[in-house]
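So, here come the structures, one by one.
Same chain, two partners: subunit A is paired with subunit B first, then with subunit C.
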Partner chain A sequence: MGTKRHFRVWRGDDTGGSLEDFQVEVNEGEVVLDVIHRLQATQTPDLAVRWNCKAGKCGSCSMEINGKPRLGCMTRMSTFNETETVTVTPLRTFPVIRDLVTNVNFNYQKARELPAFAPPAGVAPGEYRMQQVDVERSQEFRKCIECFLCQNVCHVIRDHEENKHAFSGPRFFIRAAELDMHPLDARDDRKELAQAEQGLGYCNITKCCTEVCPEHIKITDNAIIPMKERVVDRRYDPVTWLGRKIFRRDQLDEQPVSASPKPAAAAADSGSNWHQEGPVPQEAPVGADGKLVVAELTLDRAAAGSPFGDDQVFPLPPEQLRYQHPSPPTGDGH
Partner chain B sequence: MTNIERHTYDVVVIGAGGAGLRAAIEARLAGKKTAIISKSLFGKAHTVMAEGGAAAAMGNVNSKDNWQVHFRDTMRGGKFLNNFRMAELHAKEAPSRIWELETYGALFDRTKDGKISQRNFGGHEYPRLAHVGDRTGLELIRTLQQKIVSLQQEDFAEHGDYEARIRVFQECTITELFVEDGAVSGAFGYYRESGDFVLFESAAIVLATGGVGKSYKVTSNSWEYTGDGHALALRTGATLINMEFLQFHPTGMVWPPSVKGILVTESVRGDGGVLRNTEGKRFMFDYVPDVFRKQYAETEEEADRWYSDPDNNRRPPELLPRDEVARAINSEVKAGRGTKAGGVLLDIASRLPAEQIRKRLPSMYHQFKELADVDITAAPMEVGPTCHYVMGGIEVDADTTAAAVAGLFAAGEVSGGMHGSNRLGGNSLSDLLVFGKRAGEHAAAHAEKIGRRKPSAAAVEAAVDTALAPLARADAGENPYTLHHELQEIMGVLVGIIRRDGELRESITRLAELKERVKKVGVSGGRKYNPGWHLALDLRNMLVVSECTAKAALERTESRGGHTREDFPKMDPKWRKVNLVCSLDGEDVRLEHQPLPVMRPELQGLFEQTELAKYMTDEEL
Partner chain C sequence: MTTTPARLRSASGAGPRAAISEKTLRTDRWWLQPLLVFLGLGAFVVYGLVRAIMNKYYWASAEHYLAPFYSPCLTKSCVEGSSHFLGQPIPQLPSWLSPAMIILVLPGGFRLTCYYYRKAYYRSFWLSPPACAVPDGHKTYSGETRFPLIFQNIHRYFFYAAILVGSVLTYDAVLAWHGKDGGVGMGLGTLILAVNAVLIWAYTLGCHSCRNIIGGRLKHFSKHPVRYRAWGLVSKLNAKHQQFAWASLFSVIIADAYVMAVSAEWITDFRFFN
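For the complex of A and B:
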């Protein structure tokens, strides 16, 4: 039989919430996640929390315990005083879904924007040869369990929603570093990308990310600083800079620095010459009961929908074309 | 009428572990619009927890290794109950599947000449497990996850939409599959996050949902392992085989109580760790069964020499297949030579320098330090058996992974047959890749042939009602946590590692009672991220799968691999020819005997006649 301890757990959802007080039994050897589970089983069956492995391997159970970003399954109760109140709150940097569960989609989005491993040309599967010393540097970063505690703690986005657009965060700096140090990755512009696309420049090396990493990855020392240093080298050393500039120019067609094409938002509103009104919005199709058939994607083909509608057959009969050739500029400005 | 989000896909893959992701990659590469569905976040599936490695006869460390040897080890490990064709395909194709991972960016540990390093593991004749320290599962899942992202980037470049051809639906649980006119037509489930319902219309569904361990209290498995895929398949009319075979991993943590069951990887023993009882005796030498006598060392000296000179010495008995080691530990503890917490001692501290231990077993070092406050470089670990893996699963065609219902495919832990009565360590990760790929390929071909299908509105409405029922009963119903606890109690005590006739009969009666109570389960709260509701819906799956295990365990009156009967302690060659097949008859599980496929003569020729004689009946020889 264990002792009763005082817990304060944040409960609520995207519309708001508050800390609730609980007296709960704690036994020898237990971790914070065990106590949350006991609350579920005995007092609050609908208390929301993420977890999987209970062994610090999956990175699901990230939360803030007494204000510190931690894994719930790796925080032993014996690290607190018997009388101490333990306060458990959701990660602050990400929007709350419910109770201790937050929406971490930001991270999956940033992962997509980072160009994937580029396999070396002409090396068949089974023919990859690498030395242990050479893979070890990247292996350190591949230990990452994607708990996103480092993302949560980084001040660049913690209280600055507006930076999220331009800043990928430490988790993805180590991914960039990992690929940069991969002995066989075919791209050679990882550092430039980190600067240009990931917002490496926002990081001012506070090392908070390294401090919270449960895998003890030396995020700042082994990834961010080397990436920054070399970016600095290349950007400001006039000779290297010139060399790279020239190199880039004649390679530009085959090797654009930007990996993923940018979302097309900018292109869409640039100079439309259509001289006519856009299509009238169509009424939503309703089912036999007069109600909406709720469907997000009812396309019958692979790939993205055609911007002209999937039932359109090309070429269109000319009389149905809605295009007029632009007339030459009339000179009355824009 | 409830709002239902509707999607149409060529191929729907349920499960985002190794098998599911590999299947999805293959379906997408075949040009099919593919959905991946997972109960947890992307990249957190159970595969992430695998530690030791992935078995593939690449022959990088010992060039004598080849697929024939791997095949032989797999059949021996499974006590010849394996589907021989699956074991054959697995042994042949595993190396290519591993090499392929390197082209996706995986970084395995290396040999001196720069190839993928391979390590020793129980039951494998040569060092065979490709590995990354002791976090191989993480490497595998991250690599596949990143490959999917790279395919999405290709689609973005081509179509302006990352999700044009492959989309991940994370934290989404499937509760029902639809079958019309004998073929699959779709899947239904809910988003954990919002509680909203979602319907996938599709003619090809791949089940890759993993195992069933959450029906046991002491288990290395996570909450995801509630046997959903097994149960979904049963309800569509497909069949399960070998459900009596559960692997109890010999070395789970036993102290402190809250981490009881968490795995201590077999690599500890592969790298030199030895098992001792509290009297300090290295007891495994007393437990080498006859069928393995020839391959295992008889003295400590010979066993110790094996680590440096495997060609001239036999391997230490600590590396016997898992079922043997688990039973041995169980006997030692029963005989009073175990620790207070009910385990034995696993010692690596006295066998390797501290530096080496930290290097080769970093996450074990970390795990014991953080969770048990034990420094494994200085003190032994306390370990005992834990429920780990289900050998049984959906009965599939070996080449195509197709289940008995048209359009349904299965790969990974949820499928059955590959591992026979006992799985060798490391054979799962390679199984995921080999059969995941095959599942994706054949599901895509099936979709190509059939086109798209739609479930009927009535069927969807029934699925909605079933899903909402526990919420309607609210507090008036049975508490799901209590029911789950009772189920674990029944399975752990009555259908555990050592089984007896009377107890198995009792378990079947008690499961039947529990089934009635599960029908009345109720939960308070709303639909939004409500774990009580999620558990309530998982319960019926756990229950039907447990019923399969209990009934099959009662029927099989012999001991073999992951099924040990105290009242029938011997292996019986007559039972080797039989698979027990479970199907659903209304609400109850029906059990049938089915003959095993007969191994082709050239494969039989890989074994010595005297060895086959230990397993087979006289007329078979």
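For the complex of A and C:
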């Protein structure tokens, strides 16, 4: 038999909101997301929460529980005292859509600004060979589930909204490190890109990203600091700098890096328009009171709305795609 | 039923955040750790200043103990016997400057620009941020992108200097095996100086710059098996960098204070033999 616990959940949208109090039943073995679902089922059917796998692998149910950025599905109720109030709020760093759901578009924008893996010249797909020791470091970063808790907790943008244009955040520093450490990545300018375009210098390594990572990726020690050191190798090490000047290596292997992303040039490189506007997220159909209609029967159509927007036509016109389909291998070798 | 309401469209850009009035909703004692770090580092700085200004009680001549804060003693102002193989290349100092001030720049700079200590003092001294998900106390923030904090990038030069300092402290620890009646002897001070040298090395070699220089900057570990192995060892030390940072901080204070006490004859060195 469960016990009644006191929950405070932030309800509202971009016009405002407040913490609402609930007494809700909690059973043994449950996690915070279970309790949020019980609230939906019993008291607040229109409480908005984003969730998916309930196993800590999809990164959807990021929220702040008692002020700490956590995954709702991985926060056990047994970690709280029975008399303790549990406060659940949406992520603070991103614009709120409704209740516990925030708009994390910032992260997708930053992901698009990061140059993708550059295939090595003269090696066809299928011919890539890598030693395990060479890819081990990068593999740690592949554990990322993109819950964006690190992005949310980072004070560079959490406390200073104005830094958002210049700062990509820990999730994309590990991506940059992953590619810079990748044995087959052909780009040589990732260190300069990390500094000039991702804002690596804004990070003051206070390690909150590492503290909140549900995948326990050592973001600071294994990605951000190594990237900072690699930037030092290139930019702040007078011995290296002098050597490069003397042997003119700076003109051989370094591509100039722009101070800001150049959409037109990037598009010309890849044949894709990375910066075009994507489909805008759609709001769920709401009733006159501004809240979700509870019963599906009262909806004007069967089943749920399309997450891509009901006015979106499929298939998408190819010129509007934001990725480039790999061209089939040439020759008859395969 | 189509189209997107204007309200939501604005949210896809830079819409407002959730209106939560509380600055932080953390219920744990998040202020405890920055407070302890503040007190710990503050105490170290105060002790270091007092010792650097004191300019005496750093050489216990009978036991051959040299206080780490004054090692190596490079000036002509050093008391007799306290300078060793490095000699006294620096002339007589004015009375307000002690030999410690000259040499403390190197280990001090190493610790000041250390990636762990940066985290520690940015949180506890500069409140930027004091703890995770607690607002930092500043209106604007530019991190380490400009003067003066961009100079944190010179950490690796202090690392090179720290290797020299570590070597000298090791030499001091070996000298401390000098017996009171000549020959080999061992006292409590010998043990303290040896433990201090080991901890200083564990801290120095686990440095993030060292990890990069040893092998971290490589793209192909498989082509450099020796450096890969060395990188693995440094990584093990690096994982405990915070613990070694504190352990070596305490050990250097204990070693220095012990030598000071023996040198000033406030206590008598406990001798295991000779």
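Just so it is clear, the second predicted complex is superposed on the first by the 241 of 334 C-alpha atoms of A that agree within 3 Å, B and C clash if a C-alpha of one lies under 4 Å from a C-alpha of the other, contacts with A are read in each partner's own complex, and residues count from 1 in each chain.
In the analysis below, a residue touches a chain if its C-beta (ideal position, glycine included) is under 8 Å from a C-beta of that chain, and two chains touch if they have at least 3 such contacts.
Quick caveat, the model's predicted, so the values are computed rather than measured.
Asks: For A:Ser60, is the partner it touches subunit B (first), subunit C (second), both, or none of the two (neither)?
Replies: first
Asks: In the overlay, answer first, second, both or neither for which of subunit B and subunit C A:Pro119 touches.
Replies: first
Asks: In the overlaid three-chain picture, which partner chain does A:Met74 touch, first (subunit B) or second (subunit C), both, or neither?
Replies: first
Asks: Based on the superposed arrangement, let me know which partner A:Ile225 touches: subunit B (first), subunit C (second), both, or neither?
Replies: second
Asks: When the two structures are overlaid on chain A, which partner does A:Glu211 contact: first (subunit B), second (subunit C), both, or neither?
Replies: Only subunit C; A:Glu211 stays clear of subunit B.
Asks: According to the stated criteria, A:Gln131 is in contact with first (subunit B), second (subunit C), both, or neither; which is it?
Replies: Both subunit B and subunit C are touched by A:Gln131.
Asks: Output check: A:Ile97 vs subunit B and subunit C. Expected answer is one of first, second, both, neither. What do you get?
Replies: both
Asks: Looking at the overlay, does A:Gly201 come into contact with subunit B only (first), subunit C only (second), both, or neither?
Replies: Second partner only.
Asks: Take the contacts of subunit A with subunit B and those with subunit C, and give the residues found in both.
Replies: Looking at subunit A, the two contact sets intersect at 13, 97, 103, 131, 182, 300-301.
Asks: Please give the residue numbers of subunit A that touch subunit B in the complex, ascending.
Replies: Touch list, subunit A to subunit B: 13, 27-31, 34, 40-41, 45-60, 74, 76, 78, 97-99, 101, 103-104, 108, 111-112, 115-117, 119, 125-126, 128-132, 135, 138-139, 142-146, 179, 182, 185, 259-261, 264, 289, 291, 293-304.
Asks: Given the complex with subunit C, which residues does subunit A contribute to the contact?
Replies: 10, 12-19, 64, 66-69, 84, 87, 89-90, 92-97, 102-103, 105, 131, 133-134, 136, 153, 155-156, 158-164, 180-183, 199, 201-208, 211-212, 221, 225-226, 228-233, 235-237, 280-283, 285, 300-301, 305, 309-311
Asks: Would you pull the subunit C residues touching subunit A in the complex into a rising list?
Replies: 1-5, 7-12, 14-20, 24-28, 115, 118-119, 122-123, 128-129, 132-133, 135-136, 138, 140-145, 149-150, 153-156, 208-209, 211-212, 216-217, 219-222, 228, 238-239
Asks: Under the touch definition given earlier, write down the residues of subunit B that touch subunit A in their complex.
Replies: 1, 3-8, 10, 31-33, 40-44, 46, 48-49, 58, 95-96, 99-100, 102-105, 107-110, 113-115, 117, 132-133, 135, 138-139, 142, 146-147, 149-150, 152-153, 155-162, 164-165, 193, 222-224, 255-259, 262-263, 363, 366-367, 370-373, 452, 479-481, 485, 523-526, 528-533
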